[in-house]
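After this come two complexes, each holding chain A, first together with chain B and then together with chain C.
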Partner chain A sequence: MELGPHILLALLESAVSTAVLALTAIGLALVFGIMRVVNVAHGEFFMLGAVLAWWITDQLTAFSPAVGFAVALVLSPLLVGAIAYASDRIVINRVDYDPERTIVATVGLLYIFQQISLMTFGPDARPVEPPFNTRLAIPWLEITEQGWAVYWPWGLSITSYKLAVIAISIVLLIGVWLVLSKTRYGLIMRATQQDKDIAQAFGIRIERVYGLVFAAGGALAAMGAVLIVPIQQAHYLMGGDPLLLSFIVVILGGLGSLSGTLVAAAIIGLSNGMIAVFFSPTLAKILATLLVALVLIWRPAGLFTRSSR
Partner chain B sequence: MSKNKHVEALNTSRRTFLKTAGVTTAAAMTGASLGQYVQAQSAEPIRIGFQQHSSGIGAAYGRWYGRTTEAAVAAINNMGGINGRMVELVAEDDGTDPKRGAEVVEKFAKQRNCDVAFGTLFSHVVIGSAPRAGELKLPYFVVSEGHHVASGMLNRYTLQPGITDVKSQVQAMAPFVAGNLGKKVTMIYPDFAFGHDHRDYFSAAIEAQGGQVLEKIAIPPAETSFTRYFPKIPRDTEVVYHVMVGPAVLTFVKEMGEFFGGRGPQLFGFIDSLEAVDMQSPGLEFLEGSYFWEGNPRNAQSDQTEFDKAFRTAVGVDENGASISDSRDVSTYSHMFGCWETLFVIKQGMEACDYKGPQDRAKLVEAVEAMRNFDESAQFPQGSKLFNGKTHQVFGHQYISRVESGKLNRVHTTSIEDGLYEDEVDYTTQSL
Partner chain C sequence: MLELSGIAAAYGRVKVLHDVSLSVCEGEVVCVLGRNGAGKTSTMKAIMGLLPLSAGQITVDGTRLDTLPVDHVAKHRVAYTPQGRRLFPELTVRENLEIGLMARGEDSRVLDWVLELFPRLEERMNQLAHTLSGGEQQMAAIGRALCINPRFLLLDEPTEGLQPSIVALIQEVVSTLSKSGVGVLLVEQRIDAVLSIADKVAFIENGYSREVVPAATLKTDRSLLEKYVGV
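Here is the complex of A and B:
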């Protein structure tokens, strides 16, 4: 493929993964920012979202794929949110949100979710039918002897569903931003993030906030997963990559900084996609991890946070 | 999971025990027609350690290797077992992981008192496990396709008598590809040992036919998103040669269809790209008219043999290659026959050397090495085969099918000779 169409295709493909990554990483950033909990099980909430999406659509095969998908997009994040809420009540809360112990506890949750999924859902990858999926070919220009001519390069295309994933993600991210900045719940969350003792002194029930934030984090990961599952497939081991990339994004963006997380998601998602297309996916991961190491050495607070010193 | 595995193992052994008990009782009641074996009936069963990909990226194969193996063991026990002893299956999950694979082999030899180990598919697991089997002097029968056995990389205790290796398969495919589809080929393959066998041996084979490989595109076997690899396919490609494994094969093929949008080059795939996947899945319509290598035709053909019919019935597979109890549960039909046939090779080998127990393991290896021809039969339903005792590798017929109305119709059968190549090793010179 020529360079021009190749770059455009790489950008389109990367935009889809960036959109899903942003949703997943925002969930992780929210949990860390407000609760100071490093949630190693975050990728498994993503996986559960995908697996539940498959289960829900499989129950609704009598209806059109669009109905099944729409129900899954609402129900699956709610169910995962409920699971996350229960995890907080039963496990994270019991170790007093102690940073070291929560890491160990969430590693335990990771294995529990993964193995429960293996024992119930099984080891196979299962597809979810997209609600709509039209291939949209994209034309390109080339100089011929007769001057500029339009032609349709092999493979330069996107599907309507992939465009919808980008659009839905943007809407959801705007929704998260609105909730955090314009509502009373957002105010309570931000107050808790800034100083939980003062917030508590003002009558905010911190533990309840924590439970809801953990649920919201899980639900956001699940939303990302429901969006991606008609493109990829649900599989019990699919939580690993989103976890790694979300951590990279959250560390680059500054732990707990939501705008930083979004910018970092765009940088990592797009560069990851471009490097993967033009060089190799392994090199993309190596470079992203190297970037994290460098940021941790020179700007431990993240690339996009103003120095707190 | 360990609990689940445990339960599974218990179930298997309980079921096998009941069968054993049933057959033994029946034999006792019908009198001493088995003559010299009557005393042996009360002896310990022969224990076959089954290294199974129950979880991890090979799970779909593991499930079907399991069903085929259980069916073959039941058939062998119905025939009176091996040397008058019943066969007991000891299944262990290796997680499709090489490290765990080596541990499982060790467990078979040291804790589970197995006579032989058997059944591994994924090449990285075979390569990770075989050295330990060699050290433990445990005969290790793999059903893996990789060229690692015949290449001399492994050892005298590792044998592959039930399935043809990749080098032989692709050598037999190249003339058809060059003659019917095109000579400028782009290869897409998984980036591990199995895929590298395809890359190296198909490139050589197509060049021998006057063709060339324009581009080699390696994809990690755990990859989930594929569109980004396809732009590397050069515009003057005449044939895309694809082979993919892992849980995301359906995504791979679907995205390839979306990429070309019906205007692409000819497609020649190894059915691995769609093993355990329903050909009727939405998004696969573009495969109509494309060609696939099949190890054993998934759709029952018009000239189906009685052996294939009996094999399908025994394993529980319908004429579309899916489970008779769930038409969406499609089998790994091009590979799993290897388990069935390998178990009958083990039976023949043990009978030839009058195998009594672990002290006869070396004799078993020698007995299998002495084998040469397997005729198409109920024991070898995929077709007749030629075994090379020096390289520990079997050679069989290969099939090329065309997708027509969503079904795989066989259009070409290769001869055994098409896939033969010079020996690269003589394992019989290694000590036992």
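Here is the complex of A and C:
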């Protein structure tokens, strides 16, 4: 394949992982931005979402893969959201949302969820069948003696499911933006994020807000996982990569900045995918981590936040 | 009546309030005066539940506020404008006011009343709070507190750093509120501004409440001001 079509293919493949990364990172950014909790267990919510999606589709093998997947897409994030809510009530709330203690507490949650998944579903990687998977060839342009001509390079294609992952993620991200910017509950969340003491003085029950934000963060990670699990397999150790990449994205975007998180997800997701395709996935992670280190040294508030007001 | 009886409070191990007692009746303007660090702002925070008490009690018409969660205080129509305004900076003026309206489920009539008191806010409704001038921010902060339709309003240094025309407007609003039955507890540094609108002045010294005197007496006898405030 020529370089042009090869780059386009790499970009499309990267866009799929970028979309899922954006969903996962937005969940982490919400939790940090509003609750000031560094949730080390966020990757495990992603893992639980994927494993539960496998389990749900496995229970529904009598129906078509589309039915099983649709049920998993709704049920898995709800279940993970409920688990996250319970984690907040039972653990995070009990340590008074203290930044240092919540890090230790969520490290504990990480191991608990990992081991529960291992003991319940076993160590094997589990596949989920995509609901639809038509391969779509992509045209390319070339210059001929007669001018521009369209042709179909061999290997330049993407599946309909991968395009759907990008589309669904965009719809979900728009949904998150609409909830935050246009609803009464979004207003309460933004007020709590900006000044929790004054929010309380105006009757906002911040512990209830925190519980729901933690649940929403977990559900968003699970949503990303359900979308990616027909492409990657579900496995009890799969939470590490999304956690690392989400942290990189949230730090680059500016802790708590949702728009910054989206821009950073696009930068990291696309560059990560391109470097992984043309060089190696390990090099992609090394460079992303190096970038975070440089940002923490030179611009600790993140690339996309105002440094002072 | 809003009543503080022998309250004590601390930030960690540092005790800031030892024994503060004072009361505010509906329609009354009470000003708290004292030197820096005397405990004026801490008293305000304690009333709102933002500083837990270690002794004493705070009541509104006999109902104890200090045993309630912080988010229940607004339900008793006690509103707070903190020192430095503390608007939600990335929310618009409209959204800041909505937060006030939500506290007790007040409707647009209360909002209309607030905009009548501060017409300037109407022009700034869709502007982010941190982009407002200092005076406009103070109007928005007081307006947000008024959106809970309070019976008691706590104002912590509302004229700090503001130009004289805005100070005059805030004084006028405080007078209007007291005439309509709102009790106002005011912490203020501008002594002369206070004396023109306050009914009573309560002096606080090192976390202890000292004397409570009618504001009118301080216009002729400034010895208490010299003793407790140093002016």
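List of remarks:
In the analysis below, the second predicted complex is superposed on the first by the 295 of 309 C-alpha atoms of A that agree within 3 Å, B and C clash if a C-alpha of one lies under 4 Å from a C-alpha of the other, contacts with A are read in each partner's own complex, and residues count from 1 in each chain.
Basically, a residue touches a chain if its C-beta (ideal position, glycine included) is under 8 Å from a C-beta of that chain, and two chains touch if they have at least 3 such contacts.
Everything quoted here is computed from the prediction, not taken from an experiment.
When both complexes are overlaid on chain A, the residue A:6 reaches chain B alone and has no touch with chain C. In the superposed pair of complexes, A:164 makes contact with neither chain B nor chain C. When the shared chain is aligned, chain C comes close enough to touch A:188, but chain B does not.
Of the two partner chains, chain C is the only one that A:206 touches; chain B does not reach it.
In the superposition on chain A, contact of A:198 is made with chain C only, not with chain B. In the superposed model, A:233 lies in contact with chain B only, and not with chain C. Applying the stated contact rule after C-alpha superposition, one finds that A:125 touches chain B and leaves chain C untouched. Chain A residues in contact with chain B (one complex) as well as with chain C (other complex) do not exist.
Chain A meets chain C in the complex at residues 184, 187-188, 190-191, 194-195, 197-206, 309. Within the complex, the chain C residues that touch chain A are 48-50, 69-75, 80, 82, 86, 88-91, 95, 98-100, 102-104, 130, 144, 148.
Interface residues of chain A, counted against chain B in their complex, comprise 1, 5-6, 9-10, 13, 17, 115, 118-119, 122-125, 127, 129, 133, 135, 137, 154-155, 157, 159, 231-233, 235, 237-238, 241, 273, 276-277, 281-282. Residues of chain B touching chain A in their complex: 1, 4, 54-57, 59-60, 62-63, 220, 222-225, 227-233, 235, 247-248, 250-251, 258-261, 263-264, 276, 281-283.
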